[in-house]
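Once you scroll down, you'll see the structures, which are given as structure tokens.
Shared between the two complexes below is subunit A, which has subunit B as its partner in the first and subunit C in the second.
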Partner chain A sequence: MEIPYVVTPRKDTGLFNSKIAIWLFLASEVMLFGGFFSAYVFLRLGADYPWPERTLPVLPGLINTFVLIGSSVTVVFAWAALKMRQWNKFRMHMTITVVCAGVFMVLKGIEYSVKFHHQAVRLHDYTVVEGHLGYEMEDGKHVLDHHGHHIEENQIRIEATGLTFSTVRFHADWVEEMITQAEHRKAKITLASDIKARTEEGSSEEVTIAKAGEPLSVELLKRVQDAHLKARAHNGALRTAALRQEWAEAKAANPGKRGWQLASNVNIDVKALEDSKRMLTEISTASFKVEPAARMDFKPRDVKEGATQSRLRDDTVIDGKMLASPMVFHNVDAIDFRHLAMKAVEKGQDPIVAIENSWLIKNDEFARKAWEWNKQEVAKLEKKLIDEYGIDEKTGKPKREPTAKERYRLGWQDLARKAESEGHGKLGAVERITEEFKGPNYEARGKETFPELSVPREEIRFASKFTPSWNTYYAIYFTITGLHGLHVIGGALVLAYYLLFGRKMYETNPEWLANRVEVGGLFWHFVDLVWIFVFPIFYLM
Partner chain B sequence: MADTPEAVQKSIRTYMFVGGVLFLGTIITVLVASVPWLDVGHHGFDVMDAILGLAIAATKASLVAAIFMHLNHEKKAIYWIFGSGFIFVIALFGLTALAKYDPIHDNFFYDGKPAPAVEK
Partner chain C sequence: MSSHATTHSGHDAHHDDHHHDPGFIRKYVFSTDHKMIGIQYGITAMLFLAFGFYLMMVMRWSIAFPHQPLPEWMSWVFTDSWKARWLQDGKVTGETYNMFGAMHGTIMVFLGIVPLGFGAFGNYVTPLQIGAPDMAFPRLNMMSYWIYLAGGLVMCASFFMESGAAKSGWTNYSPLAGFADGQIVNQWLAGQTQWLLGLVLLITSSLLGSVNFITTIINLRARGMTWMRMPFFVWAMLVTGFLLLLAFPPLEAAGIMQLMDRVAHSSFFMPSGLFTKSEGLADLSGGGSPLLFQHLFWFLGHPEVYVLLLPAFACVSEIIPANTRKPLWGYKSMVYSVLVLGFLSFIVWAHHMYMTGMGAAVSTFFQTTTVLISVPSVVIITSMLISLWGGSIRFTPPMLWACAFIPMFGIGGLTGLPLAFNLADLHLHDTYYVIGHFHYVVAPGILFGFFAGVVHWYPKITGRYMSSWLNHLHFWPSLVCMNIIFFPMLLQGMAGFHRRWYNGGDAYLAKAADSANVFGKTVAAHIDMNILMSMGAWTMALAQIPFIINLFISWKTGRKVESDNPWEATTLEWATPTPPGHGNFTFDPAVYRGPYEYSRPDCDKDFLPQWIEPKREESADAADAAKTPAAHH
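== the complex of A and B ==
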């Protein structure tokens, strides 16, 4: 069947069909991205914390802007080449476009990766510390989890004496991890008591499903789970059947009465059911002993810790006292007092006094020195701004003043500048440019620039990587740039298809291919158009 | 509309020129955000920087739409389709503005005073 109006325009619209289709799609895309930009404005205006303005590295964003603009030019050149029936030129321009899409995604991937490996912690007094976490070490070697991965030094440590699993909700991966940890600490996790259950209706004897002393395994828990689920389904069916019978009897005894009038008197006799031995045994939990008591580490997001008993997200209960569980930064690369200052101002307090009474300043010498250095830098900047822009005659205040970010935040560039002024961690030009993409170079700059810091668990209000969970800024940043990235991938695939498989169509119906490339190109220009707004909004504002 | 090969050939220089303007616009956007003597308004980011940055971005976006996407000489149907999308976007931004000025929920937005200067 011939597809109509792929080359010639329809009389009513004056356009070939796919062009109408792409513009309808682009109109919906405008609404989609418009909605997200609207959400950005909403979140920014409504933020109850200092919005992290101008926080993303500009250089990768700038290069990506150039790359997308360049690809927008080449895709229109590719279309023009087809219109002029110049296949080789089309191939060249389209290849550049697809390569540009690849470069864009690689740079975006690096940007995302840096964020996913960068840790932040908000303390109870609203000080924010950022940096790179260390890994658990024992006898000079990294401790590995059961997947063979390093374990970050940001764990809740519990001296476990007992574990109780929910047989329905237990997470097999965590069970494996607990077994690995127990083996590592030379402890055994064994079933605390026999698990017996009635597994057949009417049977008076209980079957032993697992014996006390059996070592913990996923297989054992699944065995118990199977018995539990079978019993639950069986008992549920029994209860439903009994209830149906009750209803039937109630309706027969009270003809003409409505359901709602009978409902309060229709009940099933659960005890009678249980006594009839028709019900099977449901086993909702399984308890294990840890002998000898052994330290077990859990990710903070997975556990609700308590002094003597903690609970994992899969409802596993861990008996045992919580040990000291500090979050250890091997390299601190930013100290941010903006949120603390904001809270102090809200309470009518002097932010400087509040900062100087913060846990970090009181307990960490590096932070203290860095803060003093920053105060001097702010004073220099204030003087510079007065010298350059003067004082407002009406108010008597300087026309320009340092920003809250300059006053209260020491970013990694500030810490590097401080260390360099003291003769530490000077880098070459290439290493500096690399830092713009990959973030601070901890090894080259050393501990004088980015020192260690151990934060006690009780000081932590909230901790996260720089992921959507850290704050609404990163939530909307990942939403918009992620969605945009998906559009780049989708657009590049379509354009690559024309490049790789377009030759046959070019030879048979070149105008059709030109129209297809025009439609693909329109989408690509739209992707560029969105980025034109994303770049200043996220990287420069 | 640049549909014939001859007309397309003539448009090539326009495309190159617009590409150049877009590159230049990007550089200007970065410069006004990072070079102190080009900083309008207060020191650091403020509403003036936002207006200027968005104005440059809107100009660049208009160029892409008008020249690369050929909206400067399109059929009526396309203006209607694309325009209707924009109306919804403006309505969405209007909803945000309504939320901002809703007197019942005025505490939702942080309007705290700026932090005072460091004491000398």
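== the complex of A and C ==
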């Protein structure tokens, strides 16, 4: 059996099968990205925070645009070369196409990784501070977690005296981390009291499952968990049977009554069940003590902190008082009052007053000076705009005014400009171009440009890396560009396959290979087209 | 059409290709033959339907007898450990009910009906009816099936996890769905996340499927199979393909965004300042829009309704002409209607969202389009009805189901109209009325259409008829039970029964025993219907047993067909050997006329198949033959 119209087009439709298929597929891709772009519009129009505008590095984006357009041209050349049966020319053009895809992904990768290491925090008064976090140090050395990774100075610190685990839900990785931390601080985590349980129906003796003083381990918790789950299943069956019995009796005693009329009086006699010694002991929690009381650090997202008792997401309860847990920026590279100003205007307050009353301005010398410098810069800019565009005669106001971003945000370029005007952190040309790709160069510019800052935990409203969780702009940016990146990789893999493994088909059925390259090329054009939308929407608007 | 199997000898034509006998695995498991894939889809989908049905039986227990332990004849499937986790002293808890409810909907829609209608019937019948040797992309076809199966298994695997399966309704609205299972540290092992992963796989599968179907229909039609000679079945599949192709991607976008909300903690659908009892003030950036999810979901959700429905229309519209022995009435208007229906289904989605406060103007727009879309549906169903008129109907087993389809779907469709109107919907929204409405469409409507299809094409698939006696034993109780289950829902809905009460209104009675609603109806007066409806549901499970027996027994022991065209039908699938071999046709198929040429006055027999070459006047020499449509190149 052979499927017709794989290679030659059908006369009345003028198309071979895969060409129809790719156009249909692209139609559905249009709907997919259409869904995402609609979401972008929806989110941007409905945003209740200042939408970040022109925050992404334009230069790498621009280079990527040309790289993709170029590769769209070479993929057509490659196809034309196949049509003319020029294998070597095909190989050259296809190689360029695939290399372009590689360049695109490398630039994208740099862009992503810079963001993944960049921290932002929104304070309670809606001031936003951006920069790089420091790492936990002791005696001049990095503290490591049990995976051997550095720990950022953004931890909830608790002086733990006791830990109570849910035996069903405990997260093994976190248990390991607690054990490591306790060892590091020379403390011991041991079982607080014997765990005894009836493990056989009817037996009056209780079996000791774990003894007081046994050190915490995942194995110990699993042992308790096994006993608990077995007991839970056993007891569940017993209780169900008892309830069935109760209902049978209730129905026999009250003929003609509906279930909902009887329900409130039909209950199991739990005490009788327990006295019968048929129930096994359920051990839903296991408590440990920490001796001597030791500091333990937890990631802010994993813990609901309290003054004397905190709770992890896996239901582990930590007894002990919370210590000061500041978030420490090694380098602050932006201070942003736009959100604060927006909230002040919503409340009918003067944004400038609100900014000058903010926690940051009141508590940080650098921020105060930077804000004063910024006010002068804004005044200069206002004057410049009036000189350039004049004043509207009807309203008496300047025709153009500085944007909210210019008024209220001190980005890293602003901070660099400020420091340079004071004679700090002069950079060479190469370093400046590198900054266009990799963001501010903290080492070369130094602490005069990007100072340290410690933010107390209670001032923090929300903190995140520059990842999808920071705000809906970064969420949609990462989702669309990430999906586009996957399309680039997928397309490049297919094209590379024709390049590397197409020779055999070229010799037996070159027209079929040309069809395949044509279809792959159509997809490649689509990938390019998506980027043509992505670039202005995310980088320029 | 370059090569086909070579002999004409009916039944064992598929044994011919000895030189590429594919072996058991390639033939029955990783098959690329559209017919085998169709059967795989069919069996898998029916298993999922049975599972979804089972979930519903447990829910119906909770509704009818909320305070009593699940009886052993239903609970034996679970292990003690599972029961201890999810049942409280053997009673169904609200959480478990929500889980079963969400998964019942999901399984029935995405894993049951769509794969059965589009995957099974579409795959088996479409290439046969257009005279193609297979689908345009057989390997892609195989992949669609396996991705579908993987998606289904991923979704159902979560029943056995600590988190349980998804619990936020089949619509999975945020922020409810965003918070669900938030306590699970490894989000990849949470039921709610698995639901999204499964969904993305299912969407991928239907996407591949729809590309394949549309390409096949456009490019692989036999000679002479012009657009207006295509059976209505093929038209319906073409439109279904386009609906899947264009409506599913926005849901995929929504699914990906919700996945990001779960695993990357973004706030696509989470508004600012969200506070929950379990988490307190959410540790999220906020700024997202719950309404956005609803828009994206229903942009798929509504066309999806027609993805369910059109394959059932397709089956019934083939069965009616074959059993009334007259052409399908209004074939062309049906074709245009189905096209209009397909288009309109893209602009009605927000009628599911009248209660979200979109604004009166938006609501009015969607009310208008929703009322409009009933016009093409009514044209189609009326054409079917008129097709019966004046025919000498053969009440064959498939015709029985097809005849029941029309009024049952009619009830489902017409009860939808009050919901289309803003004003009526304000009262009926989220009540059992809605449940009754769409279940009338899907269960006694669409499923009856599919039962008709199974019985109709079974002789082509196996070479044997299904037992008529067992079919009666299946049909009549099913018909009665369907109405016992779903008709009271309409009444309960008008009395104000909320669709998500896991205890059937019992807790409501405890608070407000005699409060009457705007219709003057009370919950107290309607609560005993729960027991009747649940009894109907469980009886219906029994009524499916004859079908299952019939499906397997008849394969070996059913009455053998007398010819390749046992129903004396006119469309091309009956021109193949029984069962059709790999490559389908034993001759180069060509089409000479429309699909429903029954009872032509100029013909001796009461049917004239599409593939029979017309008799020529006088000399049928080579020159004349070249002018016939068969010779067009």
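List of remarks:
Operating definition for what follows: the second predicted complex is superposed on the first by the 499 of 541 C-alpha atoms of A that agree within 3 Å, B and C clash if a C-alpha of one lies under 4 Å from a C-alpha of the other, contacts with A are read in each partner's own complex, and residues count from 1 in each chain.
Going forward, contacts are C-beta pairs under 8 Å (C-beta built on N, C-alpha and C of every residue); 3 or more make two chains touch, one makes a residue touch a chain.
Values in this document were obtained by computation on a predicted structure and should not be read as measured data.
Judged by the touch definition given at the top, the superposed model places A:T13 against both subunit B and subunit C. Contact with subunit B, but none with subunit C, is seen for A:R85 once the two complexes are overlaid on the shared chain. Once the two complexes are overlaid on the shared chain, A:A475 sits against subunit C while remaining clear of subunit B. Shared-chain residue A:M279: touches no atom of subunit B or subunit C. In the superposition on chain A, A:F535 makes contact with subunit B only, while subunit C stays out of contact range.
With both structures placed on the common chain, the touch criterion links A:R232 to subunit C but leaves subunit B unconnected.
By the touch criterion defined above, A:F42 lies against subunit B and subunit C together after alignment on the C-alpha atoms of chain A. In the superposition on chain A, A:V168 makes contact with subunit C only, while subunit B stays out of contact range.
Look at A:F77: by the touch rule set out above, it reaches subunit B but stays clear of subunit C. Once the two complexes are overlaid on chain A, the subunit A residues touched by subunit B in the first and by subunit C in the second are 13, 15, 20, 24, 27-29, 31, 34-35, 38, 42, 46-48.
Against subunit A, the residues of subunit C that register as touching in their complex are 1-5, 17, 64-69, 79-81, 83-85, 87, 89-91, 133-134, 136-138, 162, 182-183, 185-186, 207, 210-212, 214-215, 218-220, 245-254, 256-257, 260, 264-268, 272, 279-280, 283-289, 292, 295-296, 299, 506, 509, 527-528, 582-583, 633. By the touch criterion stated above, subunit B contacts subunit A in their complex at residues 3-5, 8-9, 11-12, 15-16, 18-19, 22-23, 26, 29-30, 33-34, 42-45, 49-50, 53-54, 56-57, 60-61, 64-65, 68-69, 75-78, 81-82, 84-86, 88-89, 92-93, 95-96, 99-100, 108-110, 112-120. Looking at the complex, you find that subunit A touches subunit C at residues 1-5, 10-11, 13, 15-18, 20-21, 24-25, 27-29, 31-36, 38-39, 42-43, 46-49, 122, 168-169, 171, 173-174, 229, 232-237, 239-240, 242-244, 247, 258-260, 262-263, 266, 268, 300-302, 304, 313-315, 462, 464, 467-472, 474-476, 478-479, 483.
Contact residues of subunit A toward subunit B in the complex are 13-15, 19-20, 23-24, 26-31, 34-35, 37-38, 41-42, 45-48, 53-54, 58, 62, 65-66, 69-70, 72-73, 76-77, 80, 83-85, 341-342, 345-346, 350-352, 375, 378-379, 382, 385, 389, 400-408, 521-522, 525-526, 528-529, 532-533, 535-537, 540-541.
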